[in-house]
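First chain A sits with chain B, and in the next complex the same chain sits with chain C.
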Partner chain A sequence: MTKFLARRLMLSFVVLAGVSFVSSGMMLIAGDPVEVMLEGTTTSDADKVALRHEFGFDRPFLVQYADFATGALKGDLGRSLRFHQPALGIVMDRLPATLRLAVAAMLLAVLVAVPLGIVSASRPNSWVDYGARLLALIGQSVPLYWLGIVLVLLFAVTLGWFPSAGDLDLKSIVLPAFTLGLYPTARIARTLRASLLEVLSREYILTARGKGLSNLTVLSRHALRNAALPVLTVVGLQFGALLGGAVVTETIFAWPGLGLLSVQAISWRDLPLLRAIVMVAAAMLVTLNLATDVLYAYVDPRIRFS
Partner chain B sequence: MSKPESVDSRLTRRRMLGRVAQAGVGVALFDLTAAALAACSSSTATPAPAGSQKPSGPLKVALVSEPTSFEPSVEMSKVTLVQTNTMLETLAINGADHVYKPWLAESWNAFSPTRWRLKLKQGVKFQNGEPFNADAVTFSANVWLTTKGQAKGLFNPVFTGAEKVDDYTVDLVTSGPSSILPSSLAFFYVFPPKYYAQVGPDGFGAKPVGTGPWRFAEWTKGVQLRVERNPDYWGPKPLFDEIDFRWAPDASTRVALLETGEVDLIQSVPPALVDRVKQSAKAHVEAVQSLRRIYFQMNLSDGPLSDVRVRRAINYAVDVDSIIAGLFKGQAYRDKGFNDIGLEGYQPDLKPFTYDPAQARKLLADAGYPSGFPVTLWHTVGRYVLDKEAAQAIADQLGKVGINVTLMGLESAAYFSKVNGERVPGINLYSSAPLFMNALSLGLQAFQPGRGSAYDANDKTAAFITAIIGELDAQKRADLYRQFENYVYNDYVPWLWAWHQQDVYGASNRLNWTARSDELMEFTAITLK
Partner chain C sequence: MSYTPTLIRGFDSPKKVVDLVPESPRQARLSTAGVGRHQFIRRLSRDPGSLSGVALVAAWVCIALLGPLWVSSPTDQNLSLTLLPPAWLPDGSAAHPLGTDFLGRDLLSRIVYGARTSLTVSVLAVAGAAVVGSLVGTVAAAWGGLADDLLMRVADVQLAIPFVLLAITVLVLLGGSTLNMVLVLVLSGWVIFARVIRSELLHLREAEFVLAARAVGVSQIRVALQHLLPNAMGFVVVVATLELGNVILLESALSFIGVGIRPPQVSWGTMLADGRDYLTSAWWLTTLPGAAVTAAIFGVNLAGDFLRDFLDPRRREF
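Right after this comes the complex of A and B.
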């Protein structure tokens, strides 16, 4: 297990190093940050040269990258051009809102998807199954942007049940969580259905039924546990997808998280801030994948010892 | 695997799941449940008592983006200044008619070629109790001259220092006669010296203190800024006790906030959503011609564009009116010259170029290009309203007189880096809105040598700028502005003149509110219907 963990940790580090290099390279090709920072002002060329020097943008790329990488190891992800503050601090301020939204969306997804998947698999090709599968299909096909706007028009503008945007009160989280949670709901429901159907056709399930166990016992004690393995992976991976989805969802709902911040960082051309967001998101994703792997290894001993 | 190990493994799994649940799921579940319960209780609409003269709640405003600092020398974008202006004040103030007038400075006069004497308003206090006086102005002057923020270098061409004469008199020192000083005072925000020195620019930007009609109350990052009435405000009392600013970068979100009554005012309604606001029972549209102009600079250093006949031909070849009517659905305004209504020396009689492709062909032939020439047109993509589409339309129209355009569209970060950094050949889209209410605010950018964006600077434009800055007689200065503009527009022709943007706002039907053309929003004059 220690070897397994060490290997995974090393791989995670390599991934993060790769992400930091690529995101720093993207900064290089995205244009001169000082020029765009001062767009619309009448700053003279001499002042721009001074600013470039002050921020260190006039140094060779590899020197800038080495500087960033050394700082990153100590928890310094550079300074935001727009906020004039350490970028990591700004990102960490916004992270809780995104986590709250992601957890709410995932909770909603699991609460809806698991019963849906079970009902669907326990009565395959029935009208319940068709209905659940249709719902799952819609959930996976609907674009987030469209869904968010439709939910706002229906539940905020027309019915007035929920606020249309912001994070002013508890009601504010409902529409964004639903928007963000629909895709993982569909994905988890479909995965669970497929996995359950496969498990239910196994011989030990036949044995269990042969022993006279009730349908509920067979499902809950024998089938569901084994069918949960792929679902666990999907839940872990979907958390990552939620971070991506948060960019659109948070923008539509003006939700004060990392997704909205990244859109703003792009529009402000605050590339050091954007790089910090990318790094934190990558670190979260890597950690989640690591946690999923570890959890998987605990659940399935074959992984641990392979 | 031994039995004890298996038991231990099961327990670990349970413990892990338990910890996961404790970590975040509980919080989210609480959020969701409470939210669902709360949803049953009431709607979120702001009550709007029809006919009442006193508002029952705060004024709620949704803007495009959240500020990063309320220290104006650090962050001077217009959307931030909309909020900063509720708390901080300037020595002069710009009216909606673009005419500046005294504010915290009651009067000014140039009593020597290098000194402007300012008489300050007495009895004004900062919101923390510090007095507004000459010390505050000299301190603030130093902040402006030494800032490392966005306003770096902004005031350096205007004045070089400030000296206290008495408690309410200050001299601003200039390097020579400076006619642009008074109009620049409308951007001279005043800071309380003790507080600013104590907290520094970052601390001030997070919690500003000024002399304005509202004072800082709370800034919940990403969520909202609340400003509340300054009970000791020296000027006319505004109607609203509180203003809540929220930020929604997505236009449809802002419109939804307005439709539901969650906010009273929104900025930047795109053309596609104007009808939705118009059809709303709760709100209406307020549109105004923006001071922001879009124009196309030409690189005159060599090739066909160095010939003024070719540059005139380009202006005759493009049917700007049809682009405004077709592409912008009429929501833009034909541009001409470089001055604007209300500014010194404005020439209302200046006529835009007429669409005349025959004349364009003739001029091209006269210049030695009867069958046209190839040219590159650089443009932003998505930075300005319909920028890419407009560039395509212009390329198409230039093609009809034989000018074969290659379009180079870039995302704005790369675009300004390229265009300001390299002096690209051909034609490039540019945008400008004067910061100070004088025509030089634009002239400095486009025609003053030493700036990357100044494609069109030459000795003559530099001489005009020097002469205007040095001319303290208003009449003579207005005449110089006219000469400068006539030279640029009639003889020099360095641009393809295009359009002024239209700024569109959405306002609640309960408000009497008028949009300004300088991208700022006025809240003190609001009344209820």
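Right after this comes the complex of A and C.
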């Protein structure tokens, strides 16, 4: 297990190093960050030179990258061009809102998808099953920005039940969480149904039924546990996607999280800030993947030793 | 006296040697595909859900290809007929079946041209991603070792960067155009192809027909492209169909944010974004393009699910 863990940690580190190099390389390709930010303004050349010097953009790329990488190891992700403050601090201020939204969306998804998947799998090809499948397929096909607009039109503008934007009170999270949670709901329900159907065709289920156990006991004690692993994977993957993929939802609902911050950073042309956001998002994703892997290895010893 | 190995003289020409290599299972695949054509149609006709998915995709393709023959230009403005509701509502006009937008442009014609843009961009992007991803996956599986490790780490790095952020950044810096959009979508799509193809081909690396091909000196590239890759073509098709839905979604989302397709070219995403300002006064401006995107993705997903179940029953999700 220690060896497995060490190898996985190494890989995560390599991936993060790769992300830092790629995001720094993107800055190089974009051109001089100072020029990018101040394009179209009347800033004097002397001021530009001073700014460039302050942020160290007048040094060769590799020197800048080495500087950034050593800084990143110590928890310093550079400074925001716009705010002249450590970028990590700005990112961390926005992180809780994103986490809150992602957790709410995921909770909603699991709460809806698990009963849906179970009902669907326990009566395959019944009208309940068809209904659940159709619902899941539609959920997978609706563009979430459109869903967001329609929800705002219906529940904020017409009915006035929820605020249409911002993060003011508890009610504000409902519409964005629903918007963000629809796709994972569909994915989890589909995966659970497929996984359950597969498990239900196994012989030990037949044995359990043969013993005269009720449908409910067979499902809850014998089938669900064995069907849970693929679902765990999907939950992990989707949660990762929620952390990085909330850009559109946060923009629509003016939700003050990382997604909105990144769109703002792009519109301010604040490339160092954007790089910090990418690094933090990647770190979260890599940690999540690592956690999923470890959980998997813990549950299934075959993975540990292969 | 020189010794001539008469026994193996027949092996002198490289061509002959290759002939002796056991045929790769590609032949077998192709022949089942031939038999399967009947089965494909039979299975499809018995499955109303999948059939409607395929019909929906076919309908969108027809609309995109032939629609412009009937509708007017999507950029024709008529400022005396702005925000006209669809024909079935009071005040609607038969000349504009789905109504007009804030510049008096015909909504039906814009949806038709939007389908053209959406399908062109997504088909090109998926094709590009399939080519790049399949090559990477095949190379990783065939070479193994360092090349495999390196390519898969690149894929991991790509997956660790939130795609929407990457796409927005690239499009803002390079400017939104059809070409840049396709490039960005290829960049996002190749990883899934590479991973699926690699994992499918990995267990074939030691298969007899591959070992035999190697043993008689077939070059690494030929082994990869002629003996390994064809075995994964079924998966390429399945992944491509399932990816198509994602790509349509991404294209419209990026255009919606305002970094994708630029006017005067019509995109469903930009139509939705424009319509947002008229949410309360002209609901059709957002609802109808949104329904178009949903219907297209819905059809592609249904067709993709069917194709996956048909070609690869092991991976059945539904």
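Everything below uses one rule, namely that the second predicted complex is superposed on the first by the 302 of 306 C-alpha atoms of A that agree within 3 Å, B and C clash if a C-alpha of one lies under 4 Å from a C-alpha of the other, contacts with A are read in each partner's own complex, and residues count from 1 in each chain.
Definition applied: a residue touches a chain if its C-beta (ideal position, glycine included) is under 8 Å from a C-beta of that chain, and two chains touch if they have at least 3 such contacts.
What you are looking at is a predicted structure, and each value in this text was computed from that prediction instead of being measured.
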Which partner does A:L229 reach: the first (chain B), the second (chain C), both, or neither?
neither
Chosen between chain B and chain C, the partner touching more chain A residues is B
Could you look at A:E35 and tell me whether it touches chain B, chain C, both or neither (first, second, both, neither)?
first
Query = Which partner does A:L95 reach: the first (chain B), the second (chain C), both, or neither?
reply = neither
(message) By the touch definition at the top of the document, which applies to A:V174: first (chain B), second (chain C), both, or neither?
(response) first
### Query
Counting only touches as set out at the top, which of chain B and chain C does A:V152 meet: first, second, both, neither?
both
Is A:F83 contacted by the first partner chain B, the second partner chain C, both or neither? first
Please indicate which partner A:I205 is in contact with in the superposed arrangement: first for chain B, second for chain C, both, or neither. neither
Touch check for A:A46: first (chain B), second (chain C), both, or neither?
first
Margin query: According to the stated criteria, A:V286 is in contact with first (chain B), second (chain C), both, or neither; which is it?
Written below: second
Chain A positions within both the chain B interface and the chain C interface are 29-30, 36, 149, 152-153, 157, 251, 263
Within their complex, chain A touches chain B through residues 29-33, 35-48, 51, 54, 80, 82-85, 93-94, 97, 99-100, 103-104, 106-108, 149, 152-153, 156-157, 160-174, 177, 251-254, 256-257, 260-261, 263-264, 267-269, 271, 295, 298-299, 301
The chain A residues in contact with chain C across the complex are 11, 14-16, 18-19, 22-23, 26, 29-30, 36, 133, 137-138, 140-146, 149-150, 152-153, 157, 190-191, 193-194, 243-245, 247-248, 251, 262-263, 266, 274, 277-278, 281-282, 285-286
Contacts from chain B onto chain A in the complex sit at residues 1, 9, 12-13, 16, 24-25, 27-29, 31-32, 34-36, 38-39, 43-45, 65-66, 68-69, 74-77, 148-154, 201-202, 221-224, 246-250, 252-253, 256-257, 259-260, 262, 411-418, 420-421, 431-433, 435, 441, 444-445, 448, 450-452
Counting only contacts in the complex, chain C reaches chain A at residues 153-154, 156-157, 159-166, 168-170, 172-173, 245, 249, 252-253, 256-257, 272, 276, 279-280, 283, 286-287, 290, 293-294, 297-298, 301-302, 305, 316-318
